[in-house]
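For reference, chains read A, B, C and D in written order, and residue numbers begin at 1 within each chain.
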Amino acid sequence: MLPFLNDYQHGGHPAVLAYLQSIQGQAFPGYGEDAICSAAADRIRAWVGIKGAPVHFVSGGTQANLTVIASLLRPHEGVIAATTGHINAHETGAVEATGHKVLTVENAQGKVTADAVREVVTSHANDEAFEHIVKPGMVYISHTTELGTIYQRAELEALSTTCRALGLPLYLDGARLGYGLTAEGGDLSIHDVARLTDVFTIGGTKQGALFGEAIVFTNAALAKDFRYHIKQRGGMLAKGWLLGAQFDALLKDDLYLSLSRHANALALQLRDGLQNLGFALAGASPSNQQFVRLPVSVADALAESCAFGTITQGEKERVVRFCTSWATTGEQVDELVEAMERLRG
Amino acid sequence: MLPFLNDYQHGGHPAVLAYLQSIQGQAFPGYGEDAICSAAADRIRAWVGIKGAPVHFVSGGTQANLTVIASLLRPHEGVIAATTGHINAHETGAVEATGHKVLTVENAQGKVTADAVREVVTSHANDEAFEHIVKPGMVYISHTTELGTIYQRAELEALSTTCRALGLPLYLDGARLGYGLTAEGGDLSIHDVARLTDVFTIGGTKQGALFGEAIVFTNAALAKDFRYHIKQRGGMLAKGWLLGAQFDALLKDDLYLSLSRHANALALQLRDGLQNLGFALAGASPSNQQFVRLPVSVADALAESCAFGTITQGEKERVVRFCTSWATTGEQVDELVEAMERLRG
Amino acid sequence: MLPFLNDYQHGGHPAVLAYLQSIQGQAFPGYGEDAICSAAADRIRAWVGIKGAPVHFVSGGTQANLTVIASLLRPHEGVIAATTGHINAHETGAVEATGHKVLTVENAQGKVTADAVREVVTSHANDEAFEHIVKPGMVYISHTTELGTIYQRAELEALSTTCRALGLPLYLDGARLGYGLTAEGGDLSIHDVARLTDVFTIGGTKQGALFGEAIVFTNAALAKDFRYHIKQRGGMLAKGWLLGAQFDALLKDDLYLSLSRHANALALQLRDGLQNLGFALAGASPSNQQFVRLPVSVADALAESCAFGTITQGEKERVVRFCTSWATTGEQVDELVEAMERLRG
Amino acid sequence: MLPFLNDYQHGGHPAVLAYLQSIQGQAFPGYGEDAICSAAADRIRAWVGIKGAPVHFVSGGTQANLTVIASLLRPHEGVIAATTGHINAHETGAVEATGHKVLTVENAQGKVTADAVREVVTSHANDEAFEHIVKPGMVYISHTTELGTIYQRAELEALSTTCRALGLPLYLDGARLGYGLTAEGGDLSIHDVARLTDVFTIGGTKQGALFGEAIVFTNAALAKDFRYHIKQRGGMLAKGWLLGAQFDALLKDDLYLSLSRHANALALQLRDGLQNLGFALAGASPSNQQFVRLPVSVADALAESCAFGTITQGEKERVVRFCTSWATTGEQVDELVEAMERLRG
């Protein structure tokens, strides 16, 4: 089975496993208060370029999102997000379960624009019944987005400026941060992300770790008492060093970004191969997720030899997703393109 | 100032005040466990035609909505509603504050259709990641809707049939139930409402009471332990008989519906008057709320002599709402039409 | 039936009803943004002696408690209260339903002491696993307490000083504030309450109103966006002036306190009468609630002619509560004492 | 540093690491819907002896507790637990954050007795104001308890019988289940646990895994839609097979229980050694946690060469905890006893 289902089909990158193996037998303090987490946090701070930024590790992405958002909002506030935003679409109402409404804006290729944020806030403020409407309290974006798209620096600058003018913390979900930073045509650096957001995550699960996300507060004041929140929401790993170790391994020697470049390059190779075969894309993605329109018969036939995701089901056509990761090989991409060529008939 | 701002600008109907005055000095058990509440509940059950239906009284409409919804849903479930639904638009995220997502469907003139419900449920069930998406757990509608529109019997039949087939309790917010039941062109009776929903409210606040809503569970099983929920959410009035008394007064001798008819008739008189003057409606409403498009200059000038609501603000035009109630008089409608005639120039 | 069940068995004081009758027919803006609420808030500010203190009105006591507490705490914080505190004992977990733990301290005759607060905070801070324990975030007290007892000025001074030193807002539930301020042997003035707490309520329901509580923020910063919270929790009355009117009526010409003095005096007359008959008190209360130990047979017999509360049930003995209010008369107290004399045998 | 701080100081048992290494490079479906999780669940079902019991894996213990409890309770219900219960004492109010009160009973050596449960329920049912009090909705126990103690079969039989008579699901937190099942003097088998509870966990984190807990619903009806809950609360691991693999490794060839026996035996050896030296125990524990009273000076001196937990701080004395695990060696116990002998002076 060709493994294009998602970017978390394989375990951790060998360097991650090797690190865990290397510390086997050692004893550590619990709950992330160990030297490995400390070293990993230092490495992260050095990378993102913000001295003293609070860094925390949690077990997963939904965990990170719900914990950050619930820690930042007061009860009457909501979080602005694109309709396609992961918190709105695929976390079983985790944010609402902490008491907060997701204030959706029509996604612009998966993105939230500065204009859309200003429109939500202005419309709220101008409403006669504004106190009867959830108050916008922060903004959630993802990079890459759930559609594989990316923010350009100018877009994130504009969004950040707007958020700061309006007093809204800007939170970037970096579950696929590496893919975003190395995507085709992107100009956003990790320093930009750190400078322009208030808090962001560095995804591990979808980027070569076994599991885990790092949360970086570039606005340190927002991190007050954050460890309580992690514990309360169930995201605090007893053996916290397992998270620190993975990030320490991934961020060493540029591994994180080079794995991302690898996955992106293969995804674009796939994209080009499929386009050459005449298949139409469902949206332009410069990163490791490629969305393609397939006739139902082709999708059904392909499913026998390849694992992929189905995004929408139509009577004649489906939109499917092919995902690459650190574990994808050029041979697998070639095999997939060849299979598609045969199926195209 | 002509009072067309809303349908809760005046205190209770004189019959309500008289009732309260008449029991002054008597002592009652607390929390709604008194003879007056019991009599009012009996009167309600007789009216709606469901023997033994649990009836509860709470202090307000948001209170009723959040308490009913939170009592019916499990944590992973959400409530389907129109985007214009009061719970989605004007209750400051009260439902989300109890942990549940509002699953919005595009409103059809303020209504939720059977097709829209089926589409939400089918789409959820067919999604590969259905467990990552909030599960539809019930349906919320309002009658009249927030746009003044009403469900026809065939529409509510279809919706009810669909909800029952899908296992979704159907909850009707009757904050303006009387206006709905007596609206121009409507064919829905209180017996239909009782038969086709699982739980509904009989609005007091907007229908001539000082305050308060009655909650009627036509599906008695759903009311299990409901008094705990009322208490927990802060909706249980210590002097509960004040609520029972108001409903007993309002539902006696058809007062509730005759006040509604009165308000509806005046609203339609106003509508016709404004249309005759050439003003355009913003949506067709057969009930006590009339939505009209006004040039900004007209709206500004009118505001000096008339209280009304502003729904949307445009550069040249506003959509405003004129509301009638039991307290509105034909003279006031005439005065408003005359004022508009002058302003039209 | 002699009415000693509680202090909310009767409707509002005649002055309250008369006020409501006097404004019948007038139209007001909704949601508490009317001239009557404004006047009532001014009267309250003048009485409590804090210029510019934000004042809000909500429909009931549980509503007030849950809304204030949920608005003040962050998710990982809890509220310190006596085990007997209303929020811990008799609100069906309303505070927990907003996500917060009640951190109980053994009550000292219903009160929270400065020492108890310091002990909770110190013990939390010194715990190795402090981040795994709910952080004390505020303090809740009631005056009178649920046991009828009162804080002396020195006690409240000490508590207030401790709370301020520890950064904990102090919230006083004044559901029975009038009884507290006029209790036998008390030295606490309304100015003291305002000066020593951060937010407190002035109870209406148990003090002669039909319903409603006033919330006074003497620490104005804590009231930020409070109207959103009221709306979200369902406590915002559409016809808000009904609340303002009641407080305006009650606080005029010292009525509030004189009704309280009346009820307290009758309660003490009852207390003395029962003690003279040889019945034992279950705790010393200087206010309108009197707790008495009765043999089961006496309690059963009395229940035929008198409504009272049962606090604890023993095999041979019960603790019962007799409550007075503005509506209690000296004759009723005399009758009760006479009935008890007969039952004593 | 001698590692007696807790039972999660070391990574996973070598068999766990070896398993993870062995599947490196393979691709799996996400979110626990893979063959390894399926095999692990089968192994668990075979061990506990309940065919068809739903088995789920989550990332940690607090996660398991809050997810199970929130999935079982309606909003007005609370969970009965010992004051020392982990959910009450050390999870930062995670249960309250889902909206539910923890109804504490005085712990009996860390345990909840059948009598205590009956007392809570009876007292609630007999209260005049029962609807104003959180309704007991389930019972939480831990085995071993947080004090290292265990339930005897007769105790759990009595508790289970009571819970079933009262309609309360019984949930056993088995974070230290293996230590409990193999504790000195215990007579409770895994079959008993499965038979007498409705849902229980098999702890991984404190029992030799890297992380993770298995949740076993012996009452299958309670597991309805449980995967939604796991996802909503952030406990669903994308690479779910990592959890299945660990449990598959641990439960093979009796490894789970043999590691538990190992840890228990060393703990008792330590206990006896310290008692022989004249140190007093703070409570009798037959399992891998030993609580000892130490003079402050001894505790301070010991802290230089040994990691251990401090439970209570006194002026002259501390209660400390020594914990063993799969990774503890007999030599370490000997060293600790020798160190204590020297410190005793």
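By our rule, a contact is a pair of C-beta atoms (placed from the backbone, for glycine too) under 8 Å apart; a residue touches a chain by one contact, two chains touch by 3 or more.
Remember, it's a predicted structure, so these values are computed and weren't measured experimentally.
Ranking all chains by how far their C-alpha centres lie from the centre of chain D, first place goes to B. Taking each chain's centre as the average of its CA atoms, chain C and chain D sit 42 Å apart. Averaged C-alpha coordinates put the centre of chain A at 50 Å from the centre of chain C. Averaged Cα coordinates give chain B a centre that lies 33 Å from the centre of chain C.
Counting only residues that touch two or more partner chains, chain B has 75-76, 91-93, 97-99, 131-132, 228, 231-232. In terms of which chains touch, the assembly is arranged so that all chains touch all other chains.
Residues of chain C touching chain B in their complex: 1, 3, 5-6, 8-11, 14, 17, 20-21, 23-30, 59-63, 66-67, 91-94, 97-98, 205-206, 210-211, 228, 231-239, 242, 307, 327.
Of all residues in chain D, those touching chain C in their complex are 75-76, 78, 89-93, 96-102, 126, 128-129, 131-134, 309-310, 313. Put simply, chain C touches chain A in their complex at residues 31, 70-71, 74-76, 98-99, 131-132, 135, 225, 227-229, 231-232.
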